[in-house]
Structures are given as structure tokens and as C-alpha cells.
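For clarity, chains are labelled A, B, C, D and E in written order, and residue numbers in each chain start from 1.
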Amino acid sequence: MTPRRGALALALALPGAALVGLPLVALVWKAPWSRAIELLAAPGALAALRLSLVSSMVAAALTVVLGLPLAWVQARVAYRGRGLVRALITLPVVLPPVSGGVALLVAFGRRGLVGQWLDRGLGLGLPFTPAGVVLAQTFVALPFLVLTTEAGLRALDTRLEDAARTLGASRAEVFRRVTLPLLAPSLAAGAALSWARALGEFGATITFAGNVAGRTQTLPLAVFLALQGDPESAVVLSLVLVGVSVAVLVGLRRHWVLGLVR
Amino acid sequence: MTPRRGALALALALPGAALVGLPLVALVWKAPWSRAIELLAAPGALAALRLSLVSSMVAAALTVVLGLPLAWVQARVAYRGRGLVRALITLPVVLPPVSGGVALLVAFGRRGLVGQWLDRGLGLGLPFTPAGVVLAQTFVALPFLVLTTEAGLRALDTRLEDAARTLGASRAEVFRRVTLPLLAPSLAAGAALSWARALGEFGATITFAGNVAGRTQTLPLAVFLALQGDPESAVVLSLVLVGVSVAVLVGLRRHWVLGLVR
Amino acid sequence: GGEGHDGRATRLTVFAAASLTEAFEVLASDFEAAHPGIDVDLHLAGTPTLVFQLQQGATAGSLPADVVATADDASMQELVEAGMVAPPVVFARNRLAIAVPPGNPGGVGGVGDLGRPGLRVALADPAVPAGRYTAEVLARAGVEVPRPSREPSVKAVATRIELGEADAGVVYATDVRAARGRLDAVHILADDDVVARYPMATMVGTERPEAAEAFVAFVRSAPGQEVLAGAGFLPPAGEPVAG
Amino acid sequence: MTAGLSAVVAAEVGELRLDVALDALPGEVVAVVGPNGAGKSTLLRALAGLIPLTAGRVVMGGTVLEDAATGHRLPPEQRPVALVFQDRLLFPHLSALDNVAFGLRCQGVRRAEAGRRAQAWLDRLGVGHRAASRPATLSGGEAQRVALARALAVEPALLLLDEPLAALDVEARAALRRELRPLMAGAGVRVLVTHDPLQAMILADRLVVLEHGRVVQHGKPREVAERPRSPWVAELVGVNLLRGHGRDDGVELADGGWLAAPGAGRGPVLAVVHPRAVAVHRRPPEGSPRNVWLGRSEAVELLGDRARVRVALDGRPPLVAEVTPAAVADLALHEGGQVWVTVKATEVRVFPA
Amino acid sequence: MTAGLSAVVAAEVGELRLDVALDALPGEVVAVVGPNGAGKSTLLRALAGLIPLTAGRVVMGGTVLEDAATGHRLPPEQRPVALVFQDRLLFPHLSALDNVAFGLRCQGVRRAEAGRRAQAWLDRLGVGHRAASRPATLSGGEAQRVALARALAVEPALLLLDEPLAALDVEARAALRRELRPLMAGAGVRVLVTHDPLQAMILADRLVVLEHGRVVQHGKPREVAERPRSPWVAELVGVNLLRGHGRDDGVELADGGWLAAPGAGRGPVLAVVHPRAVAVHRRPPEGSPRNVWLGRSEAVELLGDRARVRVALDGRPPLVAEVTPAAVADLALHEGGQVWVTVKATEVRVFPA
């Protein structure tokens, strides 16, 4: 790494960094820090934070569990219409979040396509429950995991998997011992993105799971409602969200990526 | 590919596919198709669709231009605090979109941190302009491109780049002729995600760029307004968004990926 | 539009609350028809967003706001106190209604029933104007709703009831009308009723004061009030506008 | 079904149609040799179960691994087979030690024990000191040794080696050549692909020569060396091969001309002329050699105490002659130019084609 | 500054400290040989500019490519160098043709012309028919040829070849051995890393032997073969090397024992014994050979019409003897067991260490 090269790289990376960095700096700068403690001490805030953390983690885990096989099929099984399926998988990203919520209601709501069976048969009402929050978050976050992971799988040298099999590794072992570790960078990126998306999710959640304090009110919902009345407090709450996500991403990533690679 | 293997893969991929697929099916099923033509013929709808397509494409292109160098630095330059920067890059995903819009206003608004200089010095007012729409969309979409591409870069065999250099390729040529084509799957995935995110973007856009028909009203904003009066038409407009994105993703991907790889 | 004196159309920018969407779209085109040479740009967003944007400098420059119409007095009062708007006028009112799915499966008979355990109730969050009015109604009736879903907007309340997720909710009368039969309304006793007020004002420092005044006047004129009445709004004074 | 390997392999990749029969007794080493692109690696991949047979049947140690007729097909991991890949394919995310321990771990051996055994294999192959290194930091030869250790560690009944010694230094190559047999001890069968004739001759009990996906010759290395059936095999074993029609006391060469050789028999024949039996002269030879041709000295290679001269003949494959380095200098063969070559009729070996 | 290559390379990777001086005249071929992990590939990477020098200086054809003292350093793409990598590193996203055309395209040659020239190189290397194939579908040897073509196509002044023939079949190897010189014609310098002693001896004008990152010997191949300075070089050239102290009429061996050798001189010496000069006996030899040792026959290799027997000696490096295959059978050397070896004193070459 010559200094010149470093300088050029930095110069090229600067506009992008500025685009993300400046608004954050501005937010921090404008935030009414004096009122931060008061706002965080408000009864709903901590509950919302807790729910946000738990539900987004569960949702991220679900995207991995549900998305990995999907990504694998997309990357490895050649079938007609694969491109179409890939485009369809991207849809929750395109769908305006509120429409996403409506779609979820139509499918999994009390009178929904599948929801009516869940409701009548299993007594499982998803809307207005924390499970509904997780479902909404998983729905919007899934595409990020699937597409990122699929790209990672495509870049992988499948001959290494062949080599593992000749050494006696079953498909499952190949996946666990070879595919997964080699996929780690992509999987980590996809999981980080989908976790972040789940953490920040607002529209689909409020539409599908509602906004019941202490039950389905996540931090973004609290932020939104705060914004209605008191934009300043919304900024502080947003920054709390940001701080939490930075802490988790910096903290987790190390453990988790290393854990996968080990 | 044995049939057994195919069946197992399918079984594993099914829950994820169902999670994405069912709400879409439900939405299609519920949509008031009889009124579709009337709704699309409404004067605002086509303008919104056009603006959405153009602005999201420009935004996606911008994420590539701004994000690629950022991803490259993140993947290739080892510096202290790289993990922190990676976490910070993820933030626009976490930030509730409306807060994102607030952050953009505080930074690039007419009274913002940077915006006041842009405004006074260059007469460049971003809010309430199509440029503002693009900025808001780029802001929320950038992380998807950067993280996905960074993961792709990490998985790349840098010795191939060395080989290219010994054959007389300058850094720029190496990037264009070797790095970029090898990165194509990840870059395509990242660009698709960020385009989709830009296309579906609502909160930051309405907050930062406003919701002026024919000027800054994108299709998701039109969906939002339709939802105010006539939820059914919102469903139809959402499906239009979905249809357009499928068409573009299926159509473009082929050309574009091939174009890169050639 | 048409030609202004400098040969270009005058662009009048109106910031309006999202709940006014349908009415203001008609008002804007009627106004344009009546005033050749003026083009109206509508910026429609939630009232808090409008207020925040105006505070962040959306008053001049690339898209100066000339007129602002909010869904409640409190928000407008913020702008007045900041010296950003001329004295506002109320141009419409709205009434609350209890909305239920068609056929009223929850058997809701009045405000008192909203406190019934087991009934799923969606209410607008007190952070938005409709939520504040709703809270007032419930307080006056002495009803406490157990675990309501606090929706971010009154439209979200309507959507939830339409899709059958909630058995009842409190919305504006205009929302029931807009739902075109997908919602039924349960009468709210006049005592419990609260009337929502929609104020509008011209911006201080607008470069098009005449056009701005003209628009405010148009909304308050008979043809303007007719449009608002068509969307279910009540006239500002409380009695129907003469046709 | 007896022990050992009995395979008939038909498979297709790209434009290659592979069609090979291969047998080996327990404990035998089969060397597969042949030109680049002949299908050697493909054959090993098919035996390992990585590509399906289009026809044929593979039986190892009495177990049917695959039978295209019945559709029966053991997946690679259930075959008692290990494959040393031509490209090595070490797992980049694992240390050398963990690479070698991989197969053992898959067999259920505990971590500590697998590590111990892997370390022993690495030591045995002379890379014990690199146990902790990632493959990316290994030299070519070190990586090759680790790849060998990885395959040997699972102690497979059928060991498939695709050029396992190519990147090894001479010392390691010689050491492994000496030790490969004991390393590979047991009743197992080893199939070795190599481009090193010495390896093939020394290590193999059987030699199979592949060309264009088909077996052109097989047998004991010595037999093959004595009776090469194709120009490529002749090149491999370092002799001249001439094709023609036997006419009792000589061969009417396919490319024209006559090769005197008593007892040549009748019918299509192949004639082998060892380079030592070819003499080179600057002037027309005197005396009575019956096979004399005019040619052009093309290239000289010095091989220690011998030299090989390639003489181009008009419209016929070149002949290689072995002479002393002194003769090269005396005749100035380096400089090219016209030479006469003679072949002693008594040193021509002729056998039916 | 003269033409040709003049390099002093000090570099570090992992635990390796590379410290090598290398010179070559225009047109020369330098073979770099040495054990696995000696630093050969690292040396080539340093010359190509892929790893920085910690000290030293590389000058090629009068141009300073790198000088650690001044910090001057041409990037790889500005060096008149091409490198054939040990792992080939073909671009997986390009066809064989485009791989070969890559360097030309970077030089600004137009697409059509570059394609034409690339095709010509592929043809020359015998893989013209695979021009449209992606590297993943090439066989090992085909890929190797494409990699060679890719490097040759840019016609570099300094060509660095890291085991370019390892995966080639014997025919191609021989053909390339013949043609590599003309292929590489011109005033350029070629540095060739190889594990094939024959390649090194035949192709090289100079031989540089690396061990542990340092040059242990360099010179003309013949000189090196005659006076190996390390056991590894001795193994390379196939002779026995003994180290000791000259005592006029013999050598006091470093590992103990006495080697009679008239004219051994005085001081530290190396003694070379050709395997042919070593005889093996089942019984204590009669007559008067002065160098007689008792050992154990360890391994036998048959090399065509010769056989090499390795005899382990107590506490000393083993001696290799060359005998006839008949002798192997007569003495039952295959079976191991005690043997006596004798070395004719007159056939021992001794030179100062």
C-alpha cells in the first residue's frame, strides 16, 4: 500500500462516506442532548428499545434460517424461471412498507388468505402480537439476506465442496465445514443488512402488527410517533437506535464472523 | 442433481419462499383489478411512475459510483476503526426512514449544516427538487451496495489482480478488466437491492424532498396518498410498482451482468 | 395554467395535510381553472412533517411554500408563534365517528362499547390530531380502552378496520365517506362529539401574496366549500354552506 | 466379486467421450498416463463419484460403487475413495493441519486424536513445521504435500492421485517415490496419474495409456515400454516407433520407405528402434548397414553422459538417436545440417500392430 | 549499466528471509532450483514487483526497476516482465483466447489484432482448438499451456517462469524443451523455476540453487553438476556428496569414517561419488578396494536399463549405487538386508568446500 494509492482510494471513497456521514453528524449536532435522559426515561422508550432489539435479532436469525436454503437453491439449482423468482424475492424491498404491511395483513391477518386458517385452526393471531412484529421484520429483511448470500454462493469454488465430499463429508457436513465458512463474508454482510433493516423497520410493522405499547411498539414506531408531536425527541430516539446498532454491529461482527470461520 | 436432492432443497427453501410469496399472492388476489385501468390512467400515476423509475435508476447508478470506492477501501485498506466505519455505513438502514429524512434536512436542507453553503454559495437547493429525491434514495440505498460489494471483494482472489498487473494492466485496467467482472455477481446483487430500495423509498423522500405531484411525488408517495383516500387504489399502485420492478430486474439483469462479464 | 406578466405561469405552492388530499386536489384544479396564469403545486404530507419542513427552511428558495393548511390548530399555532405565517383562518371542520366493519360484527353500539374487554379497537395515536380528539371523546365519555392499537394516522385506523383486524375504531366522518361502503359508521352522541378544525394561512414573506390570498379566499368561497362538503367536511362556522 | 478394483467407465464432459476399462488387484498401483486433455483427471473424478457414468460400472473391494445399468450410485462421501486433485484444492479457511484432519473428523474421529494423526501425516511428508499455516501462505510444494497428506490420512481403499508429485522438489519426489509404496501399504488400490515416465515406470504395477478418452494400451510398464502402440507412448518411453506392413525380412513403412528387420513377419506391424540403435554420420556411412537415411539434425539435448539428437527425415516422423556428447562435438551436430542416420537391422524389434 | 538482468533481492514473507543475487546476460536462461519452500516463487514475485524489496536493487536492460535504497519502485505493470505463475492464475471469466490477448489489449493492441496474435500463440502451444474455452473447462495441461501463451504473448524482456512445464505431458514437455529457446528468442532474459533436473540442465545457461532463501550455489549447469555444494544439489544431479576434511590422500568425513581419495588436498572439502562408482556386494568384498562400508540395502529403483540402490549407512547419509537390473536380481537387493558397498578411490572427485 503506497501512500499515493491510499490517498487516491480515500479521495474516491470520500463522497460516499460524506453522503452517509454528514446527515449523521448533522443529526448528532442538532440533537437536544439536554433532554436525552428525560426522553429515554419515558416509560415507553426502554420497552420499545428492548422489543426492537429482541424482535430484530429473532427476525435476523429467521432470515438466515429461511433465506439460506432459498439462496442455495437460487445459486445451485438451475430451473426455468429462476430469474423471475429472484426478481420476486426482491419485492419486499420495492413494496412501500405500508403496502408490505397491507400485503401481510391480506395474507396472514385474521381474515387473510392463510391467516384465517391460522386464526381459526390454531388460534394463532399474528397481528397485534410480538410474533407479528417479527414476521413483518423478517418479511422486509429476507431479500437482503437471500440476494447477498446467493451472490456469495455463486462466487464460491464448488470444487472445494467436491474435495470435501471425496474426503467423506456428507452434504450437511460439506455445508457446515466448507460452504458456510467460505460464505462467511457474504453471509455476515447479508445478516448485518437484514438485521439493520429489521431494526429500522417501521411501515410494515405498524400496519401489520399495530402499535400496542409494550407489546408491538418498536423503537422506530416510537420515533415516528414522537416525530408527530415532538421532532426533537424523535432525533434523540433515532440516535439511540443508531448507537445501539453500531454497538451491536461492531460487537457482534467480530464474534460471529470469527465463530463461523474458526 | 439427483431428484432426492432437488426435493430436499425445495423443501428447505419453501418456508422462505412462502413468506415472500404468500403476501404477494394475497395482494394480487385482493387487488381491485377492475379499477386498475382507471387508476393508472389518473394523471398523477404515470408521472409518479416515470419519476420513480428515473430517480431510482439514477440513485442506483449513484450508489454504484459512490459505493464502489467505499467498498473497495473497506475491503482492501486495513486501517484502525474500519469495523466502526462499516457499522456506520449500515446506519441509513437502521434509521427509520423519516428520521433519515430529518437527518438529510438537517444536513442538506436550506438551513442545514452543508445545505446552507450549497444554497448560498451555489444556489443549489436540494429539498423539494427531483435532485433531492435522488439524494434521499441514494442515502437509504447506499449501504446495500457497499456491504454486498465489500463482501464480494473480500471473497475475490487478489492473486488474479497481481497476475493482471504483471501483464501490464494499470490499476484502472485491472479494476475494469479483472476485479469488476469477477465482482459482477455481488455487484449485481448489491445494485439490484439498492435499486429496489430506492424504488420503494418513501419516508426519507417525503420528508426531505417533499411530495409535489409531477415534481417529487414518486410512486410510493402516490401510494401513500392513495391510502389516505382509497386503500384499494393503493394496492393496485403497489402492484404496479412490483410489476415494474420485476420487469426491470428480469430484463436488466441479463443484459447488465452479461455486459459486465463480457 | 396560463401566462403571468413575465410570460411564465405563477407557481403557487400549497403545503397541505395528507388527510386533505382528495379535496385539495380538486380545489387546486378548480382554482387553476378560475385563475389562468397560476399553477398550484400541492405538497401533501402529514401535518408534523409539514411543520418540520417549514421550520427547516422550506419557506423560500427552490420550492417556497406560499400557503399552508394543517389538520389541527396546535400545529398551526407553532407556525404562528414562530412568526412564519400570517394570522390563520379556519376553512373546514370535521366530526369524529366510530367506524366498524360492514355489518358491525363486534356489535358496537356507541362510545361506551369501546371499553368492552375482548373487542379489538384501533385508535389514532395522541401524537396526531385525530388521536388527541379521540382521547378527548373517550375522556368525556369516561371510557378507557384496554390495549388499543395506537395507529400512526387516522387512515391507518380505517385500513385496519376495513381489513377486519379491528372491530372498531374512531375516525373522521370524512374517512367513512371515503371508504365507499367498506366501513360502517356508528353514531356518536352529540355531547361526546368533538369538532376538528382545519386552519390555513399564507406564509410570511411569500413572493406571491396576491395569489396566496386568492387561494385562501377560494377555499373559503362557496365553490370551495362545496368541494370540501363533497368530501364530508363541515363548514367552518358550523352550519352548512349555502349552495 | 473379487477384491480390488474393476471399473468400466463411460462419461462425458464437454467434447470428451471417456470410455475406459480399468482393473487392479488389491495392493496394486495403476499408472494412468496420456497426453494433456486425454481424460485422465476426468477418469479419476468419475471413479470418485464426482461425475456420473453414462454407462459402465465401478466395483471396489466387492462393493458396487456405481452401476449405470441399474442406476445405483454411491455418493462420493460413501465411497472408500480419496482423491488428490491436480489443483490440490486445499480448504483455504483451514490450516494445513485442519485440512489433513478434515477427513478424519468427518469419519467421527475426535478433534484431539484427529489433530494428532494429521500432524503425524504432515511430519511424514516433511511439512510438519507448516501445520498452522493457511494454504495461501504455503509454497507450491508444501501445498502439494499437504494435499497428499490429506488424502492419505483417511486411509482409503482406493486412492486416486492426480499428479501428486508435480510440484515436489527432486529430493521429496525421490523420497516419496521410495515411500509411496509403504505409505500406501495395505490391500488398497492406487490409481496414479502422472506425466513423469520415471514415476510411472517405477511406481506402477500396471500402466494404462489414455488418448482421447480411450485406452490405447495397457499392461506391465516393461511390456508397454517394449512394445509401444502409439507415437505418444513411444515418446513416453523414449524410443522411436515406426508403423508399417511386415514383409518377412523388413517393414514397408506406412510413411514410405523400407526398414530392414529380419523376422518382421507379415501383416500390419509396429517397429521399435531404441535411440541407441540409431547412429548419426556426417558423411554417407561406409560398410553395410542396410537402413540408411538422409536427414537433417534438428535438435540436440544433453542428458548428463548421453546426448539425444533429433533427425528430421523427409515426410516421415523424425528419428531420435542417442550418441555421446563427444560425438555431438565431433560431428558439430549442434549446428544442424545434413546427416546420415543408420539403424542396425538386428536391433529393430517388430511386433504385430 | 549493461543490458541483461542484474538483481540483488532481499525480501521477507512470513518466516522466510530472501536474500538473493541474480545476474544474467541478454538472451540467457537462468534456472532457479531448490527445495520446496526455498523461496523460488517469492523471488519471482519480487522481480515482478508484486512484493517490495526490503533491500537491494533490480536492474533490467539498463532500467532500474526497483532500488530499495532510493525508494524507487516501478509498479508491476510498468516493468518489462511477464510471470508464469506456479498456480497459473488464468482469469476465470475470460476464454483461453481472451486470457492470452489480455496483455496485448493492455498494451493497446486492437481487439481483432490481439485476438489474431493470441490465437497464433495458442496454436503454437498446441491448444488452439481450446481457444473459446473458459479455464474451468480446461485440463491441467491445457491450462498450463494457456498460461504460458499468455506470458509469452506480451514478449517481455524478462520472462519469469514458475514451473511452466509441470503439468505438461511428456510430448509437449519435450516439444517445449526444444522450442522454448526459439519461443523465447531475442535479447530477453528468462528465469525458470523448475523441479525437473533435466529441464534445468538442458534449458539453462546458468543454474542458481536456492535453499532457505539464500543462494547455496550458482554457475553453469555442468559445473554445478560436477561440484555440488549441498546434499540437495547432489540429489538433484543424482550423485553422492560427502563432506569432510582433506588429508592429502583421503577425506576425514564429517559424519565419521575415512574416504580414501588420492589428491584430496587439505582443509574442508566436498567429495562427489557417482553412483556408478559405488559397488554393492552381499559378502565382504575380496581384493583391495580401500573404501568398504557395511550397510543395509534400503530401496531399489529400476530406471530402464539401470537400477539404483540406496544403502543406509550407520549414522551417515545413505549412499546411492548404480547397478544393473541383473545384479539386483542376483544379489536379491530387493529384499533388503546387509550389504557391503565399495567405492573406488580413483573415482572420487574432491574439491574445496
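Heads up, the rule we're going with is that contacts are C-beta pairs under 8 Å (C-beta built on N, C-alpha and C of every residue); 3 or more make two chains touch, one makes a residue touch a chain.
As the structure is a computational prediction, the values presented were derived from the model and not from experiment.
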Pair of chains whose C-beta contact count is the highest in the structure: A-B
Chain C and chain E, separation of their C-alpha mean positions in angstrom: 87
Separation of chain A from chain D, taking each centre as the mean of its C-alpha atoms, in whole Å: 55
Centroid distance [mean C-alpha coordinates] between chain C and chain B, Å: 33
Sequence positions of chain C contacting 2 or more other chains: 49, 52, 159
Residues of chain A touching at least two other chains: 102, 106, 171, 182, 224, 227, 231
Chain E: positions in contact with at least two other chains: 87
Touching chain combinations (by label order): A-B, A-C, A-D, B-C, B-E, D-E
Chain B-facing residues of chain A, complex: 1, 5-6, 9-10, 12-13, 15-17, 19-27, 29-30, 66-67, 69-70, 72-73, 76-77, 83-100, 102-104, 106-108, 112-114, 135, 138-139, 142-144, 146-148, 150-152, 154-156, 171, 182, 185-186, 188-190, 192-193, 196-197, 199-200, 202-203, 220, 223-224, 227, 231, 234-235, 238, 241-242, 245-246, 249-250, 253-254
For the chain B and chain E complex, residues of the former touching the latter: 157, 159-160, 162-171, 173-174, 177-178, 181-182, 184, 261
Residues on chain A engaged by chain C in the complex (per definition of touch): 102, 105-106, 109-111, 127-128, 206-207, 210-213, 215-217, 221, 224-229, 231
Sites on chain E touched by chain B in the complex: 45, 48-50, 75-77, 79, 81-83, 85, 87, 89, 91-93, 102-103, 105-107, 150-151, 154
Footprint of chain D on chain E - complex, ascending: 13-14, 34-38, 40-41, 86-87, 126, 130, 133, 137, 139-142, 144-145, 162-163, 166-174, 177-178, 195, 197-198, 201-202, 225, 232, 235-236, 238, 298-299, 301-304, 310
